[in-house]
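Written out below as structure tokens is the structure these notes cover.
All chains are identified by letter, namely A, B, C, D, E and F, in their written order; residue positions are counted from 1 within each chain.
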Amino acid sequence: MRILMLNPNMTEAMTDRLVETAARVASPGTVLSRATAPRGFPYISSRAEAQIAGAITLEMLSERQGQFDAAIIAAFGDPGLVAARELFDQPVIGMSEAAMLTSLMLGKRFGIVSFAARMAPWYEECVEMHGLMGRCAGVFCLDEPFTSVADVASEKSEALVGLSTKAIAGGADVIILAGAPLAGLAAEVAHLVPVPLVDQAQAALKQAETLAALKPHKARAGRFQRPPAKPSHGLARVLAARISHDDDPSSGGKHG
Amino acid sequence: MRILMLNPNMTEAMTDRLVETAARVASPGTVLSRATAPRGFPYISSRAEAQIAGAITLEMLSERQGQFDAAIIAAFGDPGLVAARELFDQPVIGMSEAAMLTSLMLGKRFGIVSFAARMAPWYEECVEMHGLMGRCAGVFCLDEPFTSVADVASEKSEALVGLSTKAIAGGADVIILAGAPLAGLAAEVAHLVPVPLVDQAQAALKQAETLAALKPHKARAGRFQRPPAKPSHGLARVLAARISHDDDPSSGGKHG
Amino acid sequence: MRILMLNPNMTEAMTDRLVETAARVASPGTVLSRATAPRGFPYISSRAEAQIAGAITLEMLSERQGQFDAAIIAAFGDPGLVAARELFDQPVIGMSEAAMLTSLMLGKRFGIVSFAARMAPWYEECVEMHGLMGRCAGVFCLDEPFTSVADVASEKSEALVGLSTKAIAGGADVIILAGAPLAGLAAEVAHLVPVPLVDQAQAALKQAETLAALKPHKARAGRFQRPPAKPSHGLARVLAARISHDDDPSSGGKHG
Amino acid sequence: MRILMLNPNMTEAMTDRLVETAARVASPGTVLSRATAPRGFPYISSRAEAQIAGAITLEMLSERQGQFDAAIIAAFGDPGLVAARELFDQPVIGMSEAAMLTSLMLGKRFGIVSFAARMAPWYEECVEMHGLMGRCAGVFCLDEPFTSVADVASEKSEALVGLSTKAIAGGADVIILAGAPLAGLAAEVAHLVPVPLVDQAQAALKQAETLAALKPHKARAGRFQRPPAKPSHGLARVLAARISHDDDPSSGGKHG
Amino acid sequence: MRILMLNPNMTEAMTDRLVETAARVASPGTVLSRATAPRGFPYISSRAEAQIAGAITLEMLSERQGQFDAAIIAAFGDPGLVAARELFDQPVIGMSEAAMLTSLMLGKRFGIVSFAARMAPWYEECVEMHGLMGRCAGVFCLDEPFTSVADVASEKSEALVGLSTKAIAGGADVIILAGAPLAGLAAEVAHLVPVPLVDQAQAALKQAETLAALKPHKARAGRFQRPPAKPSHGLARVLAARISHDDDPSSGGKHG
Amino acid sequence: MRILMLNPNMTEAMTDRLVETAARVASPGTVLSRATAPRGFPYISSRAEAQIAGAITLEMLSERQGQFDAAIIAAFGDPGLVAARELFDQPVIGMSEAAMLTSLMLGKRFGIVSFAARMAPWYEECVEMHGLMGRCAGVFCLDEPFTSVADVASEKSEALVGLSTKAIAGGADVIILAGAPLAGLAAEVAHLVPVPLVDQAQAALKQAETLAALKPHKARAGRFQRPPAKPSHGLARVLAARISHDDDPSSGGKHG
């Protein structure tokens, strides 16, 4: 099965980190491909940036249709997830969604632990969007400067372990170290944290495999059926084609 | 006070309708300006389209900074609202937000009545985003073909009155006729509906006046402070400048 | 348009303060009238007092029917609001309701900050009555003696700013300085608080203008239709007449 | 133990019915006294009427202090309950509260079944006030004329049984026949309804006995401590004395 | 009326304590019988233990059918309650359920105070099972060693009073001292705690009397009707008979 | 990785069905073992039966410790899940839990469709236990006789497809055909249902693989740490040993 790790951020090193971490738990037979945002931001950290990056995510998925059995939107916060799930035929999974759902099987409440206070509102809204506030012990973020997004996992490793302890005191039974730059950190610090840790990239890979194995067909009814063909102006060509149904040879195109 | 009626749809006639309807209840001294999306869709009706149009809304607001005291995102569903509220210094209001909040002063539960079933998931998520499900009696949509978005208000006037009756039976104390193409319809059919009707364009105008009059300062703390300067690639120039803080003469720009 | 500022407390100086504060943001053409409770309490601060003052509010509104286009119940806690909305034909707005709804357009969660711990249960129940707990960061009250209700705004100005900071740390994106004695304080301390402040009297005035401009008709169905005529014994004459429909020349009275 | 059955309605026959029904399940040693509202309404059926009757309830309780070990506010909807619980030293129980809490021990969700559609909004708000919506299958009301409140129980007996069946289909595991005029009906129709019925008057009597037996002391902290002494103007003398603490010999009165 | 105090724990001294405490508030005419678990655990304190003890509770009830008018499952956490309510014809009440429902008539939020941190998850799930989280200020547990379960009430009396104060600061209007070993402690420390205390054993006895007096018939519809006859293998004989309906002489047995 | 499919029902044919269905989506390298309840019920269908079967599930898991990397409790309703998760070191997953979490990645709300009305209360409580009511469109059950549990999937195939259509009309975006006897049916009818179907056995297998691959360590803090050693009486020997920590060679046993 072909899984696409789609990084809505522009930083290649982050994609490397996500793919390498995920690959460690891939099943035999899983082929993991990758994509890094060609435009947008080095690292998304606000809801304004996520609004824009979510639209770019749709462009990236349009370009890769037919090339994956399931795709992962690999930014915690899941930019563009609902739109993508509506628009595309193959399963699309959010990295935070996957981490949260996986953590639910290991405890009553998960705690989200991350490295920068400004991500908290976005992450909280992500938890709400998924309807999981009742099973979330909170979003716990460091509020101190760091040198670079690339190295924040190692630089702040100890502080994040400390913050995990606070999350546990606050009711967390499982910890998610959140934000693409922290992919892979869980394995390194698991022995220092007294509750299970869920790695977001690995959880996402396994959940993508799950959906690819189950092969659900695209909804033809309900909230996630494909929207009817719609003309547009000024969009990336492949995305416009997806939206106008001109990507669909059998349809002959709905709008000329 | 200067109020901007910003239509994230590309259809000028719809902007006309919104502005004319709103102008009927404007206070003396209110100057109502307008903007219509230069790219995107004739009429947004899915969450995928809203993801894209929300990003375009940010471009439109960036271009008009300093030209308004409060802005209205005049598409029911409020595309880009949270992002805009984070990014800009002046109050930004969603048309559905304004209609819902206004309706809360007229009843316990509002009913949203609209003309096309495919808008329902988007509208429902909008109600959830605003945390108002507990005061919403439901989203009630016609499920029948219509000739054109431009004329749907008059074509379906009678059917929408009938659907309002169903919404009342379902617990609605107030009715919102939702979707920009229905702006102005409330006044025409109010005598046919036994509960108050709230016109979305008029509610939005009055709420924009409210905020413009109260002159709240931009948050410097909490969830809606402006995100720190961030470089970007491939965005509309004015939006990139807003995000990199290069639009701010006093800052000298954070990113060259 | 004629707006009635109805103070359910007996203190005239408090009514002065409310009217003066509100007048600063009134639209041209707004005529602001006033009423102060002729009986009841100098200042309501418990739910028992609110139960009684709410009934007195109904008497005050009965006496002034036909003299306003919208009325404000100007005590935080909104005594008698639901009853008044049911009983009268013109829009009636609660001052806390108006402040809360207005604040929702400026942040995700509002914080209510006030000067006396004993108001907290009443204010909390008011938030619950309006179904807005999910958007409230909490009710934060000073718990220290003050000299007089008349001067508490200036006496405790600094302490209230300090408490606002705690409310922000507790998740508030907007602050409401609550309780009629604090009307007008927001403008004085806005520069000291890093999130927007909403003045309750001004928000109430603007929301009353909003409803007066929209001219919703009285509900003839749903939860807020006028109750059928009912005889009574021992009530204020005008209120009894409103309840028995004897105030309505066209009805001829339902009960002799 | 002395239990006061306090009827906030003015109809003596209704008080008779409540007392007779309750007496059938009284413990040996229980002395059941009674009070009927001296002013207000023959039968409360709106929230406006409940606002007023709730204040009258406080007067009635003030007059009878020291004469009961627990009091029942015997109108479904519990007018004045929160205020009374705050103001008085002995336990005060609402008749709908008692019926609902008792029903929780017999099923997951209770259904409220009553005889007039116009009571529904008030009863629903009562369920919400008690925070029990999650365990309520709904408020089900007949919507048809009836001859008199005095005889509605027998006149509509069959229709109410039919409506109970609808409530069961709607998820009710227990039925409460609600509204003082229906006191005693449960015993007559229990064999016709396939789920347990809870009689409101009997549940209230047993819950009042429960509290009277447990002898909880009055709260001196928290939301239900007695409010500090407060002067007033224009209130019933005994109620004013209770509020000013002049009813309390040991205090010497706080306000002359 | 015959009330069964059923202790799912194996410790006789605990049953003594429960029965003696309850007997102090019993009505004249109440006959209080008792049962102590013949197998299982000395004292249940985890959800795994409650899963097992709940099944044993069903055996104990099966053996005593026809010998009680109402039964109390006298372990805080209510092991087996839902199953018992489904399976048996007479009312069965949980001790925590009774304590919580009783406390709701004395305040808005109750606080659960207990002596061992490891009970907290179980007690919290019990509150959730009853749908009462919105009226619970929290579960507050000591986290310190104690000598024996038998003497923990007197050993930790002072610490539990201190913890009650924290619960009040956390929003509790009423305190429940939870866990069978604390039965009877409320009366001893009530004067030291400024809000009402509810004794779990006494509340349970009074609520059992309430249901026994109301004599509700067994549900023949809804969620609590008796499950159809079912064969089983390896269960206690009386429980198997109850489940196969072979305990019912009139049925002739459904499964031979 | 070794996955245990544990059937809490006594019917071997049902275990066959579950294992065969799951095996179709197993990853290379997955070894799927099986267990069928040695005592209890042929097929659990009430909460009383689930209370008992949940305790038996703990016995079955105790016997197989060290023989699996993750275990599935393969009865919809998840009997004993919370207890098992507390008690054992390896991940334990409920079949309904797995189906629901998987379905969340395919739609906003899942619908549970099953073949017998009497399962509905149990299944609903299972959804509540997992905190997922907000994402559940409802539990939809046939209410008509069927020949045997073994053949109900084929006998009622058409009726279940029809009921799925009702669930979709009621808001379901994904359908779970629930109850062990329906394992494998999803693949057969997927083409007849316009939204994705999630097969419970396959979802459970993939989620078990997910946890086995992630290798979370057992919680040493929070709600799911292992309870301290506890003596017991009358339990199955291996279960008693697990509970007394005598199964743990390194501990030397806590209770002799």
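Operating definition for what follows: a contact is a pair of C-beta atoms (placed from the backbone, for glycine too) under 8 Å apart; a residue touches a chain by one contact, two chains touch by 3 or more.
Remember, it's a predicted structure, so these values are computed and weren't measured experimentally.
Contact with subunit B and subunit C alike is made by no chain in this entry. Set against the C-alpha centre of subunit D, every other chain centre is closer than that of A. More than half of the contact pairs at B-C come back, by residue number, in A-F, the repeat among A-F, C-D or E-F.
Averaged C-alpha coordinates put the centre of subunit C at 53 Å from the centre of subunit F. Averaging Cα coordinates per chain places subunit A and subunit B 28 Å apart. Each of the following residues of subunit C touches two or more other chains: 108, 121, 223. Contacts between chains close into a ring here, every chain touching precisely two others.
If you check the complex, the residues on subunit D that touch subunit C are 10, 38-42, 45-52, 54-55, 58, 80, 82-84, 86-87, 118, 121, 125, 128, 223, 227-228, 230-235, 239, 243. The part of subunit A that touches subunit F in the complex is made up of residues 25, 27-29, 85, 91, 93, 97-98, 101-102, 104-109, 130-132, 134-135, 168, 171-174, 190-191, 194-199, 202-203, 206-207, 209-211, 213-214, 216-225.
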